[in-house]
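Right, one structure below, let's go through it.
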Amino acid sequence: MIEIIISLFLLIGTFFIFSGSLGILRFPDVYTRLHAATKASTLGVASVLLAAFLYLYVDHGIISGKLLIGIWFIMLTAPISGHMISRAAHNAGVKLHESSIRDELQEMNEQNEAERQSE
Amino acid sequence: MFEDFGGQLLEWTVIICLIVIAISVVILLIRIIIGPTNADRAVALDTMGINLMAFAGLTAIHLVTTKLNDVILLIGILLFIGTIAIAKFIEKGVIIDRNNH
Amino acid sequence: MAIQIIFNLLIACLWMFLTESYTFVTFLIGYIIGIALLFLLRRFIPDAFYFKRVLLLFKLILLFLKELIVSTWQIAKLVYKPKLNVQPGIFALPTDLRTNWEITLLANLISLTPGTLSVSISEDHTKIFIHAMDMPDIEKEIEGIKETFEKAIMEVTR
Amino acid sequence: MIYAVFAPILFAIVIPFLSRMKHKIHTGWLILPVPLLVFIYFVSFVGSGFESQVSNYSWIPSLDISLSFHLDGLSLLFALLISGIGSLVVLYSIYYLDREERLGHFYTYLYIFMTAMLGVVLSDNVFALYAFWEFTSLSSFLLIGYWHFKERSRYGAIKSLLITVSGGFSLLAGLISLTIVTGTTSIREMVGQPDVILESSFFPLILIFLLLGAFTKSAQFPFHIWLPDAMEAPTPVSAYLHSATMVKAGIYLMARFSAIFGGEPSFFMLLSLFGIITLVCGSYMAVRQTDLKAILAYSTISQLGMIMAMLGFGTDIAIFAAVFHILNHATFKGSLFMIAGIVDHETGTRDIRKLGGLMTFMPMSATLALFGTFSMAGVPLPFLNGFYSKEMFFDASLQLSGYAGTFVEIVAIVLPYLAVIGSIFTFVYSMYLFFGTFRGKYKEEQLPVKPHEAPFMMLLSPIILVSGVIIIGLFPNLFNNGLLTHAADAVFGDEVTKEISFWHGFIPPLYMSLTVVILGAILVLTKTKWERVYNILPGNFSFNRIYDWGVNQLEASSNRITFTYMNGSLRLYMVLLLASVTAITGTALFISDGINFEVSDVAPVTVHEVLIAIVMALAAIATIFVTNRLAAILVVGVVGYGLAILFVLYSAPDLALTQLIVETVTVALFLLCFYHLPNLTKRTESIAHRGVNIIISIGFGALMLVMSISAYNSQFFDTISDYFTENSYKLGGGDNIVNVILVDFRGLDTLFEVSVLFGAGLAIYTLIRFRKNKGAK
Amino acid sequence: MEILMAILASILFATAIYNLLQKQFLRIIIGTVLLSHAAHLFLLTMGKLKRGNPPVLVEGVTNYTDPLPQALILTSIVISFGVTSFLLVLAYRTFTLNKSDNMDELRGSSDE
Amino acid sequence: MSNLAVLPIVIPLIASVISAFIPKKLGLSRVIAKLFALIFLVYAGYLAWVVFTDGIIVMQSSGWAAPFGISIVADYLSVTLVLITSIVTTAAVFYAPSSLSKLQESYYFYTFMFLMISGVVGAFLTGDLFNLFVFFEVLLMASYGLIVLGGGKVQLRESLKYVLFNVFSSMLFVTTIGFIYASVGTVNMAHLAERIQEAEQAGILTGLAVLLFFVFAIKAAIFPLYYWLPNSYIVPNPVVSALFGALLTKVGIYSILRMYTLVFNHDVGITHEIFIWLAMFTMLFGVIGALSTQNVKLIVTYNIIPAIGFILMGIGLYSTSGIEGSVYYLIHDMVIKAALFFLVGALVVAAGTDDLRKMGGLITRYPVLGWLFFVGSLVLAGVPPFSGFIGKLLLLRGSLEQEEILLTIAALITSLLILYSMVRIFVRGFWGDTVEELPEGQNKKVRNLTIPAALLLAISIFLGIGAEFIYPHVETIANMLLDRTEYINAVLRE
C-alpha cells in the first residue's frame, strides 16, 4: 500500500521536475525561466526525495536524516539561487522579453544614473 | 525485492521516473547549449543539478541503498555554491571578491 | 532563546544515552520529551518559550508550502499551454521589513510563491524588485501576499 | 710490450706539466727519449730469427676484449716506422715549432697518437684494435686543428674526423660481424679459419665494412678528399701521421686480413681497382697543385693507392712489393714533407709559384729533396729505393692471371696500363716539385722572408730519412731477412722469399719504367702546354664539392626537416602523434587478429542510462560548437556531473562523491582562470585542417572503441576482485571496500596521490607568487 | 550496457581530441578534462557494470561490484584534479605573460 | 628486511617534505638537500649491493601478498637504476646552488627535485602497473613545478605544451590499464606476466601491448612522439634540464624495457618488430634534430632522442646482446646526459649565450671545460674505451646477429652524426678566435659548475674502462629480464 503512495510522490515529483525543465526550454526569457526553475523543480525534487525517504524508512526501516536535510537544504537554497541568478542577469544587462510590459528596476536604475549624471 | 504488486508498481514507477528525468536533463542540456545568455545557462545548470538529485534519489530506491544519500546532499550543497559562483561570474566576472566594493 | 534550543538538544542526546539507542527516532523522541519539559518549566525560564516561535515558524512553513504547491501548479499549467500569452514585468514592492535577514527571507518567500520572483533589493532596503510572470494577473494579489508574508515573518522574528 | 705501446700516452699525461718549462728547454728534448726507446725496443726484435710474439693483458674478459698484443713481421715493420719516424719527427719539430707555440698540446696529441697507432698495429683483439683506431682519428683531428684559430684548420679537422670516424664505425661493424661469424675476437684465430668467414652469409658485408674502414683511413678514392685538407696541420704532423703512419692504418688492416680474403675475386677487384684509381687520380691531381704540401698530400694519396692495389693483387711478389713500398714510402715521403716544412719555415711560403731557384740558398735541403723526389718518381737509379718497389709493382701488375670471370679478367688486363699512367703522373709531379722549388728563377720579391739554409739539427731528420732512401737503394736486400720477409709472410700467410735486384734483364717491367721516364720527361717539359686539361677535367674536386655540399646540407636540411615538423605548433604535434598511434596500434591489432566483437557477458541496457549517455555525448560534442566561454565550461561540467551520475548508477557512490566535488571545484577554477582570458572565438581553421581534425578525432575514438570492446570481450581471467570483498573486513578492518583498498591494500597509491596534490599546490603557488616577486623588482 | 558505455567513452575521447587540436587554451584544457572523464569511464566500464551492490559490506549481501577499478578511478580522479588545476593556472599565467591564448601564436621561433 | 626496498622512495620524499617547510632558509635547505642526497646515495649503493648478493627483494606494501597489494620490487635492474639516479641527484644537488638564482632556489627547487626523484625511483621500483601510473604522475607533477620555475614567457609557453602532452599520455595510460584489467584481470606486473603467458597468443593482448607502448613512448620521446621534448627541455635551468634529460625520458624507456621483457613478450614478431623500426627512426630523426640547430642546449637536448633510439633498438632485438646493450646504454646515458647538461650549463654561463654562432675561442679561458666537453662528446658518441662504446658494441652485435643490416647502418650513421653534432660545439665554441663580448668574472661560477660535471664524466669513463666491473652485473640484469621466472617467483611466490 505504501508503495502506491511512494509511487505517487515519485510521479508527481518527476512530473514537476519535467515541467520545470520544459518551462526552462519554452519560456521566453531568463526571468520567466527562473520561475520554472525555482518553483517546479524545487518542489519536484523535494517530492522525489521524500518518496525516497519514505521508501527507505517504510520498506527497510532506515531513517535517512541526510535525505531530510537534503530536502530542507534545497528548499532553502533554490529561491536564493534564483534570486542570485536573476539579479546577476539584470545587472549584466539581460533584457526582459519583449512581451514584458514594465521594468521598474530598469527605470529606477536609469533614474539613478540620470541623477548621477546631473550632479 | 519487488515480489508483490506494490513492489512491481514501484519498480516500474522508478524506471519511468528515471527515464522522464533523463529526458528532462536532455532538455536542460539544450538550454545550456543554446543559451542565449549566460544567465539562461546558469538556470539550466542549476536545474540540471536538481534533476540529478532526483535521479540519485530514484537510484537510491532502485538499488535500495543509503550510500547515495551523501551524494544527494552533496549535489545540493555544490549546486548552491556553484550557482552562486556562476552568478557572481555573470554579474561581475569574478567569483571571489578581492576588494570588497 | 539559543539556550533553550541547546537545552532541548541536550535533553534529546541525554535520552539517546539513556536508551542506548542512537537512531534518529530515538533522537526525535528525546527532542519531543525535551519540548515537553521546556513547556512545563517555561515559567522558570526567563525568556519566552521558544517553541511558540517554532510553532509560528511551522505555520510560516506550511503557508509557504501551500504557496509553493499552488505556484508550481500554475507554472506547470503555463508550461503545457500551447501558446504562452503572459505579460511579464518587474515591479517594485515597498516593504516595512528592515533587517537583512527579514528582507532576505521575504524575498525568498516571494520567489517561491505563485508568479513572482524577487530580482533585486534596492540599496536603501525599502523596496524589493519582483519579476512577475503575468503582471496584470498578479498585481491585485500582491498586496495581500505581502501582508500575509510580512506579517508571518514579523511574528517569528519580533 | 704493453709498456712499449703505452709509454707515449703515459708520458702524454705529464707533457702539459713539462711544457711549463718550455722557456728553459724546448719540451721536445724532454720527451724525445720516449719514442727513441720504443724504437730501440722494437729494433731488438729485428733479425732473421724473428718469431712472432704474443703478450696478453686482460681488460674486459667477460666481453672478450683484451689488450693482447701480437708482434709479427707486419706489426714489427709498422712499429718500427711508428717509433722510428716518430723519433725523427719529434726531433724535427723541436726546430720547427717555436717555444711560443702551445707545445704541451702538440706533444700530448702526438704521443696519444703514437700509442694509438702502435696499438692498432700490435693489437690482436679486434675491439682493442678498433679502440686504438678511433684514437688515431681523434688525435689526427686534434693535430689538424692545432692552429684552431685558422678557419682552414677547423675545416680540415672536421673533414678528416667525419671521414675517418665514419670509416671507423664501418670497421667496427665489420669487426663485430667477424666475431659473430668466427666466435672469436682474436685476429690470429680469425685468420686461422678463413673458410668459415668466406662461406658465411656475412662475407660480403664484412668485406664492405672493412674496406670502408680501410679506404677512408688510407685516403682511397673517393674518400681521399680529407687528406689534402689535413695539410693544415703543422708539417711534422703531416710527415708523421699523414704520410708515414696513420694513413697506412688502412693498408695495415687490409694487409692483416689479406690472409683471409686474399684470392677472393671480390677482394681482388675492389682493392686493385680502387687502389689503381686512387693512384691515377692522386698523381693526376698532384700535378695541378701549387702548394708544396698539397702536392705531397696528393702524392701520398696516389702512393697509398698503389700499395692498396698491390695488396689487392695478392700474389707473393705483389705483397712483398707492398711491404717494401710501405717502408720506402715512409723514408722518401717523410723526408720530403720535412723539406717542404723547412722551405716553408725559411721562405715563409709553400706556394710553388712563388718559389724557385732555392738551390743556391738552401743547397743541403735541395740535395735531400733531389733524392726524395727522384726516388718517389721511380727514376731507375741504383741508389733510390723508390725505383725497386715501383718496378716490383709493374712486375706484379703483369702477373694477374689467377683470376677467372670475364670482368675480373678485363680488370687484370687494364691494370698494368693504369699503373703506367699513374706512374707517369707521379714522375711529372715529382720533377715539378723539385725543379719548381729549387731550380728555375728565384723570385725574391714574392717571398716574405729571405731564404737561407735551415740549421743542421732541423735537417738532421730528413738527412736520416734520405740516408735510408740511399741505403735501401744501395742494399735493397738489407732488411729482407730480418724484417721484410717476416712482414710479407704475415700478410701472405705463407713463406715469401724475394731477392731484390736492380737489373732483371729486358723484361716488360723495365719497358714500363722506361715508358714512364720518357713520357714523364716529355710531359714535364711541355707542362705549360697541356696544363689546360685541368680546366676541362676538374678531377676529383667534385668529390670535395659533394662533401661540402653534404656537410652543408647536413645542417641545412636537418634544419629544414626538423623545423618542418618541429614548428612549435601543438596541433601539428598532436596530429602527428595521434595519427601514428592510431595507425600503428590499429594495424597491430588488426594483423594480430585481436579484434573481437563477439559480445558476451554484458549488463542489460536501460533507457535512462541511454539517455544519460546521450546527454553526456551531446554535451561533449557541444564543447566543440559553443562559442561562449561560460557555455563551454558549463557543458564540460555537464559531462562531469553526468559521469557522477553514471557512478551513482553503477554502484560507485564514493566515486560519485569525489567526482562531484572535483567537478565543481574544477568548474569554479575554470571560471576563475578564464574570466580574464578572451572569449572563445569562432573556429577559423581551414576546411582541410578541420577535416584532418575530424578524421583524427574520430579515428582515435574508433580505435579506443574497438580496443575496449575487444578487450572486454576477451576476458581471459577472473579479476582479482573477489579477494578484496572477502578480505576487506576480515583483514582490512573496514566495510567500505573501496576505502579499504585505498588506505590499506593500495595505500601506497594514496600516499603518492597526496604527494601529487602537494606538488600541484606548491607548483601553483610558485606560478602565482614567483611573478609577484618579479614584479616587485 | 558496457558496449554503450564504451561507445560513450569513445565519443568523449574523440571530442576530447578534437578539442585538443584547437588553438584556444580554453578548448584545449576542456579537451584534457574530457579526456580524463573518458579514461575514468573506460576504467569503470572495463571492471564490469551493474554486477552488484556498491562495494560497501552489508550483512547478507554477497554480490558486490568490482571495487578495484573504483579505487583506481578514485586515485586517478584526484590526480587529474591536481593536474588540471595546475594546468588552468599555467594557462592563465601563460596568457598574461604572452598576451595570447592562441596556441598558434605561441609556437615560438628557433632563435629564442 | 623487505622494507629495504621502499626506502629509496621514502628518503627523497622525506627530503622533499622537509625542504618544503624551509623554502626561504637557503643555507639550511642546501645542507639538508646535500645530506639527504648523500644518504640516498649511500643507501642506494647499499641496496644495490644487497640485491646483487642476495637476490631480488620484494616488499609487499602494507603486507598484502601480491597481486592484491602493491609490490615494490628491488630487482637487479631497478636497484641499478636507483643507484644511478642517486648519483645524478647528488651531482645535481651540488650543481644547483651555482646554477640557480637564489630566488629560483627558494621557490621549492629542492622540494620539487626530491619529489621528482621519489617519483622516478618509485617508477623504477614498483611492480604494479597502476602504481607505475601514480609514480609517473608524481614525477610529472614535480617536473611541472621545476619547469615553470623562473617563469619566463617562453618557459611558460613551452611548459604548457609539455604538460598537455603528458596529460594526454597519462590519460591514455589509465585507459590502457582499464583495457588490460578487463582482459587479464590484474594490475600486478608479475601476475600479468604469468597470466599473459598462460593466455598464449591472444591478438587483443598484442593490440594492448602496442597501445601501452605508446603511452611510454610519449614519455620516452620515441619517434614520432617526441615533439614535446626539445623545446620544453631547454627552457628550464640547466640543472633541471639535466635531471629531465638524465631521468625523465629514462623512466619511459625503463618502463618499456620492463614491460616488454617481463609482461608483453607473447608476440615479439609484431611488438618488437615495431620497436626496431621506431628505434631506427628515433635515432635518425633525433640526431637530425641535433644537427639542425646552433643552440647548444638544444643540441644536447636533441641528443637525448637517439640515445633512446639505441635503447629501444636493443629491446626490439630482444636477444641477450640486445638487452644487455640496452641496459648498458641506459646506465651510460643517464650519467653522460646529466654530465653534458651540466657542462652546457657551464658553457652558457661562460659564453654568456647559448648560440653557437656567437661563441668562439673559449678554450683559451676555459680549457678544462673545453676538454671535458670534448671527452663528453666522445663518451656520448660511443668512442672506445668510454662507456658509450660498450653499450653500442653490444647493441650492434645484437643487431648484426639478427642480420638487421639496415638497423646497424642506421645506428652507425647516428653515432657518427652524434659525434659531429657535439664536436661542432667544441670546434665552433671552444676553437677559433675568442669573441669579444665574453662575460667577465664568471670563472669561479664556471668552475663550480664544472666540478660536478667532471665527477659524472669520471664515472662515465669508468663505466667504459672499468666495464669488467660493470658488465657482469649487466649480464645478471639481462638474464633476469630474459628469463622472467626469477622476478615472477620473487613477487608471487615468496
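We just call them A, B, C, D, E and F in the order they show up, numbering each chain from 1.
FYI, a contact is a pair of C-beta atoms (placed from the backbone, for glycine too) under 8 Å apart; a residue touches a chain by one contact, two chains touch by 3 or more.
Since the model is a prediction, treat every value here as computed from it, not as a measurement.
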Chains contacting each of chain A and chain E, listed by label: B
Any chain in contact with chain B as well as chain D: E
Chain at maximum distance from chain C, centres defined as averaged CA atoms: D
Per-chain CA centroid nearest to the all-protein CA mean: F
Furthest chain, CA centroid comparison against chain A: D
Computed distance of Cα centres, chain E from chain D, in Å: 49
Approximate Å spacing (C-alpha centroids) for the pair chain C, chain F: 66
For chain C paired with chain E, centre-to-centre distance based on mean C-alpha positions, whole Å: 43
Chain B-chain C separation of Cα centroids, rounded to whole Å: 24
Chain C: positions in contact with at least two other chains: none
Residue numbers of chain F (touch at least two other chains): 130, 134, 137, 141, 144, 148, 151, 164, 168, 175, 178-179, 181-182, 231, 293
Sites on chain D at which at least two other chains make contact: 563, 568, 570, 574, 606, 610, 649, 651, 653, 672, 704, 708, 711-712, 719-720, 724, 745-746, 749, 753, 756, 759-760, 763, 767, 771
Pairs of chains satisfying the touch condition: A-B, A-C, B-D, B-E, D-E, D-F, E-F
Touching residues (chain side chain F, partner chain E) in the complex: 130, 133-134, 137, 140-141, 144, 148, 151-154, 156-160, 163-164, 167-168, 170-172, 174-175, 177-179, 181-182, 187, 231, 293, 295
Chain B residues touching chain A - in the complex, by the definition given at the top: 5-7, 9-10, 13-14, 16-17, 20-21, 23-25, 27-28, 30-31, 37-40, 42-44, 46-47, 50-51, 53-54, 57-58, 60-61, 64, 66, 69-70, 72-73, 76-77, 79-80, 83-84, 86-88, 90-91
Touching residues on chain E, where the partner in the complex is chain B: 53-54, 56
Residues of chain B defined as touching chain D within the complex: 15, 18-19, 21-23, 25-26, 29, 32-33, 35, 38, 41-42, 45, 48-49, 52, 55-56, 59, 63, 65, 67-68, 70-71, 74-75, 78, 81-82, 85-86, 89-90, 93-96
Interfacial residue positions of chain D with respect to chain E in the complex: 563, 567-571, 574-575, 578, 599, 601-606, 609-610, 613, 616-617, 620-621, 623-624, 629, 632-633, 636, 639-640, 643, 646-647, 649-655, 658-659, 662, 665-666, 669-670, 672-674, 676-678, 680-681, 683, 685, 693-694, 696-698, 700-702, 704-705, 708-709, 711-712, 719-721, 724-725, 728-729, 735-738, 741-742, 745-746, 749-750, 753, 756-757, 759-761, 763-764, 767-768, 771
